[in-house]
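One chain, chain A, links the two complexes that follow: it is found with chain B in the first and with chain C in the second.
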Partner chain A sequence: MMRLPKFTYVRAKSVREAVRVMADAGPDASFVAGGTDLYPNMKRRQQTPKTVIGLSGVRELRRIAGKPETGLVIGAGATLTEVCEHSKVRKGHPALAKAVSLISTPILRNMGTIGGNVLLDTRCNYYDQNYEWRKGIHFCMKKDGDVCWVAPSSSRCWAVQSSDAVPVLCAIGARVALASQSGEREIAAVDLFRDDGIDYLTKRPDELLTEIRLPATNGWRATYWKLRRRGSFDFPVLSVAARLWFDGATVKDAKIILGAVGSSPLDAHESARLLIGKPLTEDTIRAAADAAYKPAKPLDNTDFAYAFRKEMAKQYVARALRDLA
Partner chain B sequence: MAAERREFKVIGKPHRRIDGVAKVTGATKFADDLALPGMLYCKLVRSTVPHARITRIDVTRALAAPGVKAVLTGKDLPIPFGILPVSQDEHALCLDVVRFIGDPVVAIAATSEDAAFDAMDLVEIDYEPLPQIPDVDTAARTPEPRIHDYGDEGNIHKKVSLVFGDVDEGFREADTVRDDLFFYEGNTHLPMEQHAALAQFDGDGKLVIWSSTQTPHYLHRALAKVLAPLAASHIRVIATPNGGGFGGKSDPFNHEIVVCKLAMLTGKPVKVSLTREEVFYCHRGRHPVLMRIKTGVKKDGSITAMHFQSWLDGGAYGSYGVASTYYTGALQTVTYPVKRYRFDGARFFTNKPPCGPKRGHGTPQPRYALEVQMDKIAEDLGTNPADLRLRHLVPANSVTANWLRVGSMGLGRCIETVVAASGFREKWHKLPEGRGVGLACGSYISGAGLPIYWNAMPHSGVQLKCDRGGGVTVFCGSTEIGQGSDSVLAYVVAELLGIDPFDIRVVTADTDLTPVDLGSYSSRVTLMTGNAAIQAAERARELLAKGAAAKLAIPESRVGFANRRVFDVEDPSKGMTFAEAVVAAESQFGTIGTVGSYVPPPSPGKYRGAGVGPSPAYSYTAAVCEVEVDKDTGIIVVKKTWIAHDIGRSINPVLVEGQVEGSVYMGLGEALMEEMIYRGNRNVVHKFPSLLEYKSPTTLEMCDVETHLIEDPDPNGPFGAKEVGQGPLLPMPPAIANAVYDAVRVRVDEIPITPDKVLKALRAKDRRYGPTKTPTVTWPEPIVVPPPWEGGTGKAVSGEGAKPIVIGAGGVRK
Partner chain C sequence: MKTKAKGRARARFEKVHMRLRVNGEDVEVAFAPHKTLLEVLREDLGLTGTKHGCELGECGTCAVLVDGKPILSCLALPLDLEGKEISTVEGMADGPRLHPLQEAFADLGAAQCGYCTPGFLLTAKALLDAKKKPTRDEIKDALAGNLCRCTGYVKIFEAVELAAKRMREAAPSKAKGASNGR
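And then the complex of A and B:
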């Protein structure tokens, strides 16, 4: 069987302790919550932290508090099952509940956390392979090598942002709290991400994601669509999160985020712009959907043919918007 | 004979499996559950390049690493092996050339798996790259360098050409001729259990290996060859219950040989447990096959001639490939009469994991091509596809153009059953756009007529021992791979001896304790072990009847066996317990032990290549699939499958239905998503050797299944039983392809039928997606064999087949 490399495990009991251990351990340390992303990666030697700081004992990270009307707060350590089955999440944020319920499988949702999904390592099928396989292609720039095999002439890594929760959080304007020894800061979820497969987060390594702060539910509607081969297990290979504000029958404001077709969540500005000030009809939906074709930039490093994924961006944006009509 | 018995106590009843409780409670010990004191752990260092000469191997650092006890290289195991006598082209560890990424080069045994893993990186191997051959096209264009120094030509492993009657004349007689190209992508078995093996070498010089193998007897032979001078009589192979096999554990494997050698060198037990990635490298799965099928039909749909051509991508080694090649041309003739038939096949070597037998071995690909073409012919003729097939069925008890003897033949009833159950006539071409139904059929062998290596001995043997306490033990070399073969032995013996299946202990798959059975492959086990068990049980019955008759003072012919009693059938109150009958018989004859064995009947075909295709009995299947196709996304959802299988007779209908549903599931996966694909431009690396990214359906993708069993006992089957393990897979891919056509009127002539291919077909002028060209191959001088109705004798009249010779699976029984 595949074996984990050797590492030191430290179980933190509080956020304060977790960030202190991290500051002491330095860059060779990693936080772990559910472990459903990190441990398989460690078995494949994609990440080999010398110190792993366990968060499952940090109670304060697991709370879900507040009201949707004024702003629900979800602890980063809440499991995906806890999030998608929580009555306030389901009622106030059905799009988020749906996105989270579509992550992986029930068993992995019982282990994995919302924070872990938000920070999910970018994925690529030249990278999510074990050590021996990657040796066969002389590794890639994301780990141990210097070429991006999906775009060999490119100077950057094109691994794919593959979280189901992230597009929804970005579309609805959620904010996240990051803690470190120097205190806490809050940033917009969308600002957490960078368009680079390796350096995909703006979070500093010593910072711990502690909370996801959802906006008040005051009149907008949101939805989430996910393309994948099978109804379970699979990461998205294209996803669409859309949020619309209506003024009567007219779209007052819109946000459409494409997931899993780039290294960061992509804002389909043009699609949104085409909707604003117009009623949501089949014609305006089609126009907005067609405009989503251009920003979607899938490459050949996930399941399904990439041209098909690009084309499906139109179909899935249309389907998401029809949900909201 | 048993086949004529009308009233059964056990046969045909939905009994529990005799290993059911152990399986569901986790008590069953699979190979990876085994551990012995002082055991070492083995890891294999595999090639990271697809094709290269090994210029240097330095294991000094690995051997010095903490915990490492032994390191092997190819020089330690220089004798080649392979499943077929004609393809002895594998080495346990590569000698001087590596042929695919994943080919094992060095083996390490250490005191822990971690220590072995850490030492892997310390092995230094230098390679001198050789040109990479990623596919059939490249192989056809690149005769040099050769991946192997044997084979028919350049990088063509095997070429076959067989002609049965004047095919050109047949095409001239036809009113219409269709000529279609199809491609079926390769896929793998994906058993839940990853291969594992544990070897022990004792102080007396005897070797034992426990392994998840479907073929302990063939492994025994390979070990005796490779480990010489160790005598075969000192090697014991125990096949542990397999957590699924599907053909993927039917070859002798390098890791099995390596742990034996390591155990012999270190004196310690040595275990290997493959990772999922390594299972992908073992492979031996479905060959990717490009096919051309040209068929001439009369206006009524009768086939005047068929010319079938196949190009197989074999991967890096021979494996069962010669047999696979013949199988792509063998069974086209057993469903609808083909008056004149020609088959050309070629298998190529490429730098990928070797292909071999997967459920249906070499026949799902041609069956898909044939059944989709039948659908096209029906469309051309304006005929309902069910009627086209029903009007032209091979008759029971007949011989085909290529000299296969068909016994019972229930395909007509299968078609009528699924057509009625699904409402096919009401739905076909009448459902709203986006929804469609498709019909397809199939047929499969109930065991190959010939063994892998030429010999005149039984294919299956059973020993039976009756204990004074009334216990019965059945010994047989057959291997339980999840299909229920242990239970079948118990049911058959229980039926004949009038006892409960749970009174019987079954000992299987142990080359020291059990007589040879060739293995769990080719859907042979129920028919062959069942017949051997019947013979052994009838012989025991005779002894017990004599003993009981003497005691009851009645003629032997009046002795009956039922409900654990042996009694006078004319006065059932007069009798004794089964145990008392054993005592009576043992008192008279001594220890009560009997044997039974089975040899398949000889085949009428006597030409070179006639060894592939003959079987004691053919199963038949028909399926209707109903699908929904989204025209905007190309996504296909299979809503329901109605399937009818001609089983001859069910030994246990629940196990039969389980096999049918399993085949539907596997066929669905092959039809819609499964593919073994490689990055030809990146070192021919397997694209995704993992359970996550190699897409196989989950329960959410599985369709509803309505199974109908058609029972028409076959005289060659035990109680009339035929196979069910593989045949029901065959109609699934073509039924889905035909349903997609009915739904959106496009032809996807390529498996798997993925959404992007559906969209491409929807936009194509000819509303088709599929292959458009074939590689150039110079076919050999054909072996010409006149069909039975043209005065043939089963022998070749020209070509090299005129002199029959043994070619492994394609040997000829004189």
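And then the complex of A and C:
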């Protein structure tokens, strides 16, 4: 039986209290909202915080406010079910609603939060294993070891960014609010991530993700595609979020983000560039899709053969763009 | 929630003493604060109907209802559930009368080894409490988080449909008190 390691649990009532307790507790503390990412990791001893600061009682973190036309604000503590079933999210941001509805299972979505999915720990076949399994391979660089078993000669960790919400939030240009004792700062969602499997966030450990601020829905369209083995449960092993602005039939601007094929969300710049100024025809879609082959950098550390995932990056970009045609 | 030692820092590895509301009854229970709801239900409250599965939130066999919604008890802390209504499989029957879902599962043989059954029953109950006549696709979606390794899904879907039908017939939609929670 896998039990949680011992920890002190503090149930915060407000953002202010949560960040104060975090500042007092220091680096051995961790925030927890839904617990669907942290607790399995703690059971596998991937993370062993001495203090866990519970956020499920912080009401201000759960609100979904504003209008899609002027900018919807989603509290980081809103559950995935609350987000994907919310009428304004479904109507104003169908791509985000779709991505969130594809996360894991309905039961898990009743617990997991949007903030937790955004900050989801990077994943890897050599890391997401129980303690004994990891000990059997002398651990890996991400936790307790020195070597990256996916690329043993590499000096970095290649664990995979596996959030469904992140590619969409980056593609549509969402922003996130981070609170700490020194105040609040707002950054672009895309700037929250760093291309490193271990140090994958630019958020400081003492900062609490409080809000996800969506841009006004002024004429652009977005969509999301996800590759996984089973139709529920599984994390993405490739995902594509695309957002296009049109000027009549011509693509005015484009953003295509690849997920789960790197340690951070990857911007397929070249694919986007090939679309701008052109109509969205099967030819332009094909050209943009082919250009997504190069930036996709899957390694052999998730489900499916990595060459297949790289090949499918082309197919999924094409499918996403056909959605928007 | 009361801790035996005053102040949070000193309460670290001691038991917490709190009141939970389980199957309509208030129960007082003392447990180590890092125990999950699954562990407290089984080990401290003797409610072993809720099963241990993967313990990592992947299989759904530990599902219980909190305020009517299915959650994974292996990933929930009782400390977060003060004042919430927790329902386990033990609370489904009304005295000697089985819940229509339990009856339908038995009638149609919707269980092989039965280990996943409590989770399926509760998740299906949450669905039928919200929707009197779900379609097959809605049932599949709602139960997508429950794994059956004997792979008897079709009988499970049929049993949920049969239970829904029997519940509709027993409580005509416009009758008063049709939603008595059972």
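Here is the rule we go by: the second predicted complex is superposed on the first by the 325 of 325 C-alpha atoms of A that agree within 3 Å, B and C clash if a C-alpha of one lies under 4 Å from a C-alpha of the other, contacts with A are read in each partner's own complex, and residues count from 1 in each chain.
Keep in mind that, in the parts below, contacts are C-beta pairs under 8 Å (C-beta built on N, C-alpha and C of every residue); 3 or more make two chains touch, one makes a residue touch a chain.
These figures come from a predicted structure and were not determined experimentally.
Once the two complexes are overlaid on the shared chain, A:F233 sits against chain B and chain C alike. After overlaying the two complexes on the shared chain, residue contacts for A:Y39 are found with chain C alone; chain B is out of touch. Of the two partner chains placed by superposition, only chain C is touched by A:S56; chain B is not. By the touch criterion defined above, A:R11 reaches chain C but does not reach chain B.
In the superposition on chain A, contact is made by A:M111 with chain C only, not with chain B.
Using the contact criterion defined above for the overlaid structures, shared-chain residue A:R3 touches chain B and also reaches chain C. According to the touch criterion, the shared surface of chain A, contacted by chain B in one complex and chain C in the other, consists of residues 1-3, 6, 231-233. Listing the residues of chain C that touch chain A in their complex gives 1, 8-9, 11-13, 32-36, 39, 52, 55-58, 60, 63, 69-72, 75-77, 79-80, 123, 141-142, 144-146. Remark: chain A residues 1-11, 34-36, 39-40, 43-44, 54, 56-57, 81, 104-108, 110-111, 231-233 touch chain C in the complex.
On the side of chain A, the complex with chain B involves touching residues 1-3, 6, 125-126, 128-130, 132-133, 135-137, 149, 229-234, 303-305, 307-308, 311-312, 315. Those residues of chain B that touch chain A in the complex are listed here as 46, 48-49, 101, 113-114, 117, 120, 273, 275, 277, 632-634, 673, 679, 682-683, 685-690, 692-693, 695, 697-701, 754-756, 759.
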